[in-house]
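Pasting the structures in now, so scroll down.
Two complexes follow with chain A in common, the first pairing it with chain B and the second with chain C.
Showing the complex of A and B:
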């Protein structure tokens, strides 16, 4: 009979105790796998959301609101301009893969709400913006093709608010200009959903701001150093740089607090599981002292006893780790729902990413912890003197 | 369901939400869905000066009765729901308005497609479902000023769903001529928008009747033909 079968049968002799120990390890493994899965999943989901935005950096005139929500909070005021040539200057930088010029404008709409409201429009370059925003999908229609076309593309929620579909006309209040809706975007979960896109030249013409921009979106090459490039951009006169790396850092800092808390809980769970394993094996060694004495008197060496007890520990940890991995996989969706409810900001897409590599890594960690925690009970069992052991049973 | 008395809490909450939106605006900005009052505390008090509080319930045709309810509402409206955004899963916010413990009326708004943009048509109703006032929360149209003129809104006061059954929202005619036909179009150049407003009012009244008034204005209506425009 192999030593593994003997160890397995020994564990079955105290089924309840072994089962409770396995459950303790399983809970610790469950938390650990879910936490590591979250660690991977959250960051990749955040990166995916940032990639979907199309550009990692935005250069705007100093003090200029850089997205529609801020513009509306400021009551449509505070726009600052840069000359159109800045987009080409930035494009020539070696780190830059692509740029897209943008012009945001707002009008006061007296027929919005009780006392009027602000409607914002984003002028974009049809030659570059769709390229950078390649992940945007259309529910109806497509992008405008000319930079001076009297056409519009609406984000899903902007289209819903205006009840517009491709082929409808949309009035720009105050300017008394109508544009034809040529596309409605699918919902993205980003600020694009609430945006009304017009061709850049159309916005410049309708609002009388020829040759001006409010922002330049920049996509950097994969090997570029964003921090170094950002510092160089600050050298340009009267501009501010909004880096999505900053936004990501801020969000990751917020989330890291929650991660530290959960990691602490996981560590405590692992500690409790280790103590449980040591306790279970030690009790087993004490109860089986006479039996170990008989084994030794029959020729078993200290190393054989050490190996037997150590294998029992590893079997417990493997069973617990395996069960924990199954639990983590089975409750992946539920964990995600809970995490989303708890976090201050959660990106779209899967937040928990558990794969075979992660499961094997966690099993490895659990087994390593098991091996360590099994050293003392195994060593103690190996040191049992046969005569003392047999005598203790007689007494 | 939410039951709230007036106070500064609503504004504080709105400000907090706006701040949070600002914080993560680079990544996420979710606009309102359906047709809510922009500032319920202020708007309810303006539409019902005597009120002391309100309760909001959120309903949709899909959740309340699904395809069967949608068909009944379309029959009562005399028109099919149309386009991308007029669907059974649109969430409606129904405000019940109170003075102390006494119900003094309802407020409800619907989105309606206009010729140049969206209309948000709100009705303030008494507990029987009679119009107290009409309010355009949003109106994108060249003739917006004419439609928002108080005299146009006053033309709807005192009407209820029963007055609208003879009005055909597709042709814009009322047969026999009744109170709806007597509502004058304040912008003759914008006939499509005028008809859109009347359709929104009729649809609004039907939804209130279905969701809040237990169909007390339900008549026997002719089901729409299979060939009716969808």
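Showing the complex of A and C:
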């Protein structure tokens, strides 16, 4: 008969107490796994979203709105331009992997909504933009092929708003120019969903801004130093640099604050679980003092008793950790829904990422906590003298 | 039984003093005693006479305050320094099996598992082979898969005796083994102890209040106030 079996059977003696202790540990493990899962999932989802943007940096003319939403707020005005040659200048920088020139334009559309609205168009280079935005997927059709084609690609929401499909024609108000819709994108969860993409030369031609750009998207090499590169970009005349690494850092800082709070709660949960384990094992040791004495009278050394009680503690922690891991896996979706409801910004895709490595790591942490919390009760049990058993019997 | 052979236990002037505040109480007061291999000895006496304390000292469960104790030719206590708990455990493993008034069976282990319990900590060579005959001898073979809660008091004490014997001790020490049993079960246990002594040559030291049980022993030793009382016929 092994000491493991004796330890396991001992835990079955007070089933309710053992079960409650296991539940306490399971709750702590559940919180811990979900938290670590969120930590991994959120960061990778954010990275994925930023990767989907295709470039990590955007250079625009100083003061130029670089988001469609800002442009709308400004009533489609306030655009500022850079010369087209800047894209080539930037491309020559050694840290740059690729660039894509862009030109944003906006017109008032009297037929939009009840009292009209702003329609924004983003002119993109068909040679470079699809390459940088390789993760964009099409619901219908594909990219335009010529830089001066009278064609358009609609983001998912733009297509719904304009009620257009591939093959339909779209009128650019105020310019009396019709473009053919050649593609509709799948939903991305980014501002691309509301964008109408046109070839760069078409936008320059239709809106009369030849040789001008409003932005240049930049993809850096993997070994590049984004902060150093950003500083060098500011040396260019009259430009502003929007670094997505900065945006990511800002979001991660916000999320880190929330994580610290949740981690504190997890630590409290672990502390409560540890106290529960120590209490359970200590009570068990006190109740079994005479029995431990008898075990020693039959040849058990202090180390044997220490091992027996320690194993009981570890078994409790393993059971609790395992149950907590199952709970975390079973409620992964529910946790994600709750986290999304609570977070000010949540990237698209899975926010909680629980894998075997994480489960094993958490089990390791829980068992380590169990080993630590079992030291005192086990040491105390090991010190019981056989005579204590007999004395308590006499008393 | 061979009283001429070297004694298994030799106690000379054994004392055990407890302190309660400023008061010293000698629970065992200068007891000298020899136990031969194969003997069946019963300690009797009124409550508080020191018989259980003497059993604990002889069984290396406790260190004496003074005196001298030898077990199987080895000096356990020489009147100077008490042995460390670890050293006492090693002597206990080799020599003794213990039976107490209460059975201390683990309720979630079966009869057989309870009997094999000492093996989790220590197993003498060849002890494994003795389990089956022991279960048969104690009438527990048919109950091997039962839990203690499904047994009578007598059966539980038989399991405790089997557990004490599973590592083949040279001496069985029994402290009030029938204290929790009715008359019939007490007789059963008495007969069993007698059989173990007579048939298997097991050395037994027993503490009891039960005169019927004491009568089964080869030698009855009476204690009074921590001392050995003179034999009943010595004063007549």
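Note that in this section the second predicted complex is superposed on the first by the 387 of 395 C-alpha atoms of A that agree within 3 Å, B and C clash if a C-alpha of one lies under 4 Å from a C-alpha of the other, contacts with A are read in each partner's own complex, and residues count from 1 in each chain.
One rule holds in what follows: a residue touches a chain if its C-beta (ideal position, glycine included) is under 8 Å from a C-beta of that chain, and two chains touch if they have at least 3 such contacts.
In this text the structure is predicted, and so the values were computed from the model without any measurement.
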Chain B versus chain C as contact partner of A:190, first or second or both or neither:
first
Counting only touches as set out at the top, which of chain B and chain C does A:387 meet: first, second, both, neither?
second
Figure out whether A:290 sits in contact with chain B (first) or chain C (second), or with both, or with neither.
second
A:304 contacts which: chain B (first), chain C (second), both, neither?
second
After superposing on the shared chain, does chain C or chain B touch more chain A residues?
B
Could you look at A:247 and tell me whether it touches chain B, chain C, both or neither (first, second, both, neither)?
first
By the touch definition at the top of the document, which applies to A:160: first (chain B), second (chain C), both, or neither?
first
Touching A:114 in the superposition: chain B (first), chain C (second), both, neither?
first
Applying the touch criterion given at the start, work out whether A:217 contacts chain B, chain C, both or neither, answering first, second, both or neither.
neither
Where on chain A do the contacts from chain B and from chain C line up?
none
Provide the residue numbers of chain A that touch chain C in the complex, in ascending order.
1-3, 5-6, 9-10, 12-13, 290-291, 294-302, 304, 385-387, 389-390, 393-394
As the complex stands, chain B meets chain A at residues 18, 21-22, 24-33, 38-39, 42-43, 46, 83-86, 111-119, 136-142, 144-145, 148
Seen from chain C, its contact residues with chain A in the complex are 52, 56, 59, 61-62, 85-86, 89, 92-93, 96-98, 100-102, 104, 106-109, 113, 116-122, 163-164, 167, 175
Please name which positions on chain A make contact with chain B in the complex.
49-50, 53, 67-70, 73, 109-114, 139-140, 157-165, 168-171, 173, 176, 178, 184, 189-191, 193-194, 242, 244, 247, 251, 345, 347
